[in-house]
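Report on one structure; see the data block that follows.
Order of writing sets the labels: A, B, C and D. Residues in every chain begin at 1.
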């Protein structure tokens, strides 16, 4: 990945810091909020209009998840924080130089002005720098205030997830989406799946050493702007196992029981929140410390056996996304 | 351990099935109840007079813990279930034959008539057969009713302990207390600590393959009827580690941070509930499958290094029990 | 379950202590030994003729597994230890009274005289009392000798399993096999699966509080004497997950990746050792403390969704056993 | 942290990628190698002169640890990889501009030319870009080659650590060492401990989101160039607990049994390798995703209670480092 001047067509590497939050759309706002609080263990930090903002205990920002009432499930937008104000300026300039139209918003609960644009694939992305850091009302009685401040409370409700981890988006042209993420946004491409016909069906991208932060998977219905899943982090594999028990106890449908990914070596559990969006509870991914690793190219055959222990994925895995446009297609 | 006829001075081996519940006394009933529910994760199943009955999710009986308001902390009584009605009759006959005075009570929340007596060392013990099995109001939506019934709900509050595990009693004459437990009650003695002068300072007793169910430790103040601690079971070491975080977050004082016992190979965390009683969160003990294992005799020196990784215990460990009679002694 | 006099048609409850060892037959002895040592982590403690005896680190007896060269895979015999010499006498008398023919053997590596007979279903069972307890050559340098002696060494090769846990046998008439186990051998029946036509297709039996020690499953090919699997214990779910990685690294085929049973709440991993026998790595089962629990009867429908998180089992699970007689049937 | 031009007195942020390896000195090379292979689980990848190079299974480079025979224990040097060749040039130019003398070496087993200099505090640091990536001889039989390549083998010997994690150096002037690391090398300072007199006694520095990669602690003997400890990563807390058992079994002295740090929220075990150097097995630290977080300043009082569960550290913790110069001081 090449280095670029400040005002060029690409941002400098490191200009984007991390994905800070995601907005999920849900036709059942109340039930979705209850699932993300009582089952996943997030905390409501604010409401505005038809939206509810939530936070995981180890997130330094005020909110990592925004739930918005909508006719259909899906992703509203993706919020990416830049590393400083200059980086935000460089990124917006680079987008303009690349002919990507965007517009400033005045910000939202938890963060300042954001530059919004649609990435290839149709997903809305917002870049922002100014943020509101979470400040706990009172420290834990038995812990130094600083520790409480930084580390978050344990033993919260349900799964007690720590923070937003990554987002997996469905796109009709994965190669194009991944190229844009690399060239216009400065993501690194760590892994990709190339089908026998040479087309790319999966791309694992990251802004740092985490092996995946933004994933593009092929939208086999050819639709745009759809979501495959949003993943939340826990610290241990035991917590993922416990999450499966909790999903069962609370009636949250499990799509794939806890098992091991090969790509990224993350450990996972997939289910569906009441709005219909797929959610993942995940942990354990190996960090990519190599500053310039060669992209790993997986064949489709390798990918089919792609989870570490041979776990088979159900057909819904490759077929279902939100919004669920398959009904529309079937009715044509 | 010898076998005995039905009407002899000893019960048949296996006549006592397991310790079913323990009654803790607390000068701060409300705070104690809150700690056992919000922090430990037990559920209140009934109240009667100045007592509150609680249950862990994997207990098959209605209640494994009774909290009773009292001027001082300590243990009210220990409830031991027999394996059937005949076994209860054999045990009471054997106690009478051994000159142990006792009396029948009409039962309590969750169980039927009980035969109450004081064991050497001054602790009140109750034997009972009839019990009320817990029946969940409704099965978990995603689990077969039988599984829900047997296995209990996960993801409850706080530490989410599963059940009462064992009780550690302070006694002025450990050897005598242990002998009584073996001969009059049918316990097996798996481990003991013998001091350099030949006296016994610790005895680990069990009614089955669990390596410890009733422990006697020397009361160095020479008092009778005192409690060292009550232990609650979780299924994994990760949950013990998580429990330590939760104790810190809720202000429950930690006496000994999570570490490994050598005797029994159990993993532990010690703290104090608001009434002043020491509590343990524990897991992992190796089962003793040998039906007639030789008792392991530990020297005091071996015991001093007795935890598996060299963890040092604070002085309170050997000095403090409930009720805390040291103040009285100091004021003499 | 009724109590019986010493010379009756049934043994007294508790006369059998636990399953002490199992003999597996293998057409590839050398590879099987290598798998059980290098991958599972057992240690060879002796060889005799075409057999190799192995031991897990927390087994108190000399050997829990005997591997014997044979034309076909399968189970050679099951060794069950009695609780004392009198119990062995009672059991053999009861078998004779029930018309079960048996014969004494002079013992084997690690144990004394054994009474051998075929249980309904065609499996060879041996009852024994005299055993050789394992004595380590030298204690661990950093641990008291007694602890070393009792607890076993950690960090052994591969999965580092602790001990034999349970055996699952295929039988053409599960109800009859289970009845015999209860009435002639004193097992408790904790769970059973009853098909829609009233036939029993699975029975979970135990000699103590472990929820399963001997399981009978329906042999759908109607054969006798076959094995479904042998299970080995590890102490934590993390070790089961690690075992899956190790299986992959060593080329041990995984049949079912780590997941959660509902019956017994045990956590599992299934694979095949080089001889063709199915093996399980397991942990976590809840103890059954109730001395006389009602048998849980599962419907076939409940059983089909019987693993705790909805994990689907492959067809091989219900079809394959050792010896693999399906080829013979197919060639008819 | 400010951004700098290419030829200025500071490198650009991100110019240093990560600490790639560390060289430990040992007066008992053979025993040290045996400890790092048999107990820690590293693999020897090369020897040269009096040095042995080792590798953890998830390290992408050929070697993360070099052991060199020496009269005294201690640290030989610290190897830091730059993010590309230009970054290496910028860094060396900045060092020269800051008056830091250095010299090029022609490289070593596993990496190319390195620029060596002494940082304030007296420790030798080498910067390098060219590296040799590890290529496995053959993939695991049951895993796609790419996965095997990236993820490493599981079930290796002993603790089976994954990779070098961080280095803790003793320095006579922590504030000065930390300033240099920030300004001349581009480290971020995430946490520091400030004593009541205003002096800095601890500084936690990182080149990325890991909360600590290089730590400076006060050398209370005023010596220079000494080592507090080197830490190796495992993926789960269970593996740290298992490591403690393995240390005991192998006679590796445990200094502090497994417990929880507050700073960084890492989970740890400390012991001593046969050469006398302190080693840590660690996992679990929270990532710092904030690109520009305020440094947390801990008071000495907060630090004294600084481990998460109140675990007390022994006096050796603050007194001992390698080489152990205390004997010299005592003999004055």
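What we mean here is this: a residue touches a chain if its C-beta (ideal position, glycine included) is under 8 Å from a C-beta of that chain, and two chains touch if they have at least 3 such contacts.
Owing to the predicted nature of the structure, the values given are computational and were not obtained by experimental measurement.
Engineer: Tell me, which chains sit next to both chain A and chain C?
Structural biologist: Shared contacts of chain A and chain C: B, D.
Engineer: Could you let me know which interface, B-D or B-C, is made of more C-beta pairs in contact?
Structural biologist: B-C
Engineer: Roughly how many whole angstrom separate the Cα centroids of chain B and chain C?
Structural biologist: 31
Engineer: Report, in whole Å, the distance between the mean C-alpha point of chain C and the mean C-alpha point of chain D.
Structural biologist: 47
Engineer: Where the CA atoms of chain B average out and where those of chain D average out, how many Å apart are those spots?
Structural biologist: 45
Engineer: Specify, in ascending order, the residues of chain A that touch 2 or more different other chains.
Structural biologist: 142-143, 236-238, 245, 247-248, 254, 308, 310
Engineer: Can you tell me which positions in chain B touch chain A when the two form their complex?
Structural biologist: Touch residues, chain B against chain A: 39, 140-143, 153-155, 157-159, 236, 238-239, 242, 245-254.
Engineer: Of all residues in chain D, which touch chain A in the complex?
Structural biologist: Residues in contact with chain A: 3, 13-14, 17-18, 58, 60, 81-84, 86, 133, 142-144, 146-147, 149-151, 162-163, 208-210, 235-238, 262-263, 265, 284, 286-287, 289-293, 296-298, 302, 305-306, 308, 310.
Engineer: State the interface residues of chain D toward chain B in the complex, per the touch definition above.
Structural biologist: For chain D paired with chain B, touching residues are 237-238, 241, 244-245, 247-248, 254, 257-260, 267, 308-312.
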